[in-house]
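Shown below is the structure under consideration.
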Amino acid sequence: MFRAIWAWIQRFSSPKYFFDMSGKLVPWFAIAAALIGVYGLYLGLFVAPTDYQQGESYRIIYIHVPAAWMSLFIYVVMAVSAAIGLIWQIRLADMVASASAPIGASFTFIALVTGSLWGKPMWGTYWVWDARLTSELILLFLYFGYMALQSAIEDQRTADKASGLLAIVGVVNIPIIHYSVEWWNTLHQGATVARIGKPSIDINMLVPLLLMALAFKLFYVAVVLVRARNEVLFRDRSRRWVREIIEKL
Amino acid sequence: MNGTEFSWSTFFAMGGYATFVWTSYGLTAVVMALNVILSLRQRKQIIRRVKRAVRREKLQTQ
Amino acid sequence: MLRAFYHLLLRDLRLALRSRHELINPLIFFVLVVTLFPLAITPSEALLQKMAPGVIWVSALLAVLLSLDRLFRQDYEDGSLDQLMLSPNPLVILVLAKVCAHWLLTGLPLVLIAPLLAVFMSVPDAALPALLYSLLLGTPVLSLIGAIGVSLTVAVNRGGVLLSLIVLPLYIPVLIFGANTIDVASDGLSVRGQLLFLGAVLALAASLAPIATAAALRITASR
């Protein structure tokens, strides 16, 4: 029975099958992301009440928090895909991992910059070395390292496996970094540690936040499908089925 | 709603934090747009490259 | 298996000791970099003392980073690495032997010269044991984690900067704990907890890093 399941998995993870299926999905995810995003922004910018303590600047939260969530989510997806690619030699998994990296790095960058712009008016400084910010910055470096290693190695399979291993090592490291910095901060009690205050959040603020998080996830799926399809076309460019498809495009 | 009357100028002022809020949203929009644009451009480049390679091979075998 | 470990360890040590001048480089680098800070920032004792843990640790870290290339470079280029990977002995053990050799040649000298740098940076006498212990426990971790990075980039031409980019994020927890240990000791407090933690990190790294390194070598360096 396991052999049947395995055969099923191998069929569905073949690049050709993936390519045929995903083509139709991309527009749906894109449209869904756009619609939910617009609605979420409307609720967040126009409907949600002004924050008692922070005034209007808190509205950055509708971008900052979802972006930060995505930065971590995508890294985990990347590491899991890489692990699947390494263990079971499923090439599609490697392609998804490669395709995800720039998107994850983008969200990490957004999280850092929007956080910085939120921090300046609120806590008086663009940057502070607390656990969350520092871990996020290092996450950006981990993404860069992954992408750099991928492009540095010429052979595609080797590049995938090497950067995949790096991604897995990195994912182990992320909680370690986070807790070590947090530990380091609690020791340096003197420093003013900026904390994103977490009182129980107003439902009117929570809904747009969750909607934006969902919109970002759908955006990620749409873009990663496009990029993964590009990977398929490029990596299998000598195969007949790819050439037939490209002829028609 | 903020106050009883909604005005666009108040909205854009964002309680005095306009620079910070709009830069954040603007930058996010730019980065996300770049993701989309660059991914689609990557697709076009690959298609172009493969077509060119196919053409070159056909010429060589003739 | 143990014999293979010792043989490889001794071989690496012997080979390295033939070009002794190369071994001095990380040491000199370490001393020079630490010296730069009082010159660039301030010779004020109080300030130096505050900076000391971080300065010494970052300099040690960079010195180890610079020396990592020697771990696999020579063997990769002359084919010995291929031989090691074909050996019936588990690659993990062989990797551990090479990392041990690397630490004995690079990390240990750093630890031994650290008291001199403690004097340069006005580290209080009470903190000296903590300084030595933290480096003693921390530098092997740097060699172990660095080995993962080197094994990933060994086949890349001029992969030096790439190596730094990969390895530095992984070094950060060690750096934080190592520097913090000296800091706490300078305040006169007990560092038992910190040292136990560093010891735990060392145990973790010693058991996991060679596995990752061996896996990476099989990926990047098999021909």
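The letters A, B and C name the chains in turn, as written, and every chain counts its residues from 1.
To be clear about the criterion, a contact is a pair of C-beta atoms (placed from the backbone, for glycine too) under 8 Å apart; a residue touches a chain by one contact, two chains touch by 3 or more.
Everything numeric here is computed off the predicted structure, so don't read it as measured data.
Closest to the protein's overall CA centre, chain by chain, comes A. Between the interfaces A-B and A-C, more contacting C-beta pairs are found at A-B.
Taking the mean of the C-alpha atoms as each chain's centre, chain B and chain C sit 43 Å apart.
We define each chain's centre as the mean of its Cα atoms; on that basis chain A and chain B are separated by 16 Å.
Separating the centre of chain A from that of chain C, both taken as means of CA atoms, is a distance of 32 Å.
Looking at chain A, one finds that none of its residues touch two or more other chains. Shown for chain C are the residues that touch two or more other chains, of which there are none. On the side of chain B, the complex with chain A involves touching residues 1-2, 6, 11, 13-17, 20-21, 23-25, 27-28, 31-32, 34-36, 38-40, 42-43, 46-47, 49-51, 53-54. By the touch criterion stated above, chain C contacts chain A in their complex at residues 148, 152-153, 155-156, 159, 162, 165-166, 168-170, 172-173, 176-177, 180, 184, 212, 215-216, 219-220. On chain A, the positions that touch chain B within their shared complex are 45-47, 49-50, 55-57, 59-60, 63-64, 67, 102-103, 106, 109-110, 113-114, 117-118, 120-121, 219, 223, 226-227, 229-230, 233-234, 237, 242-243, 246-247, 249. On the chain A side of its complex with chain C, the touching residues are 138, 141-142, 144-145, 148-149, 152-153, 158, 161-162, 165-166, 169-170, 173, 176-177, 180-181, 183-184, 187.
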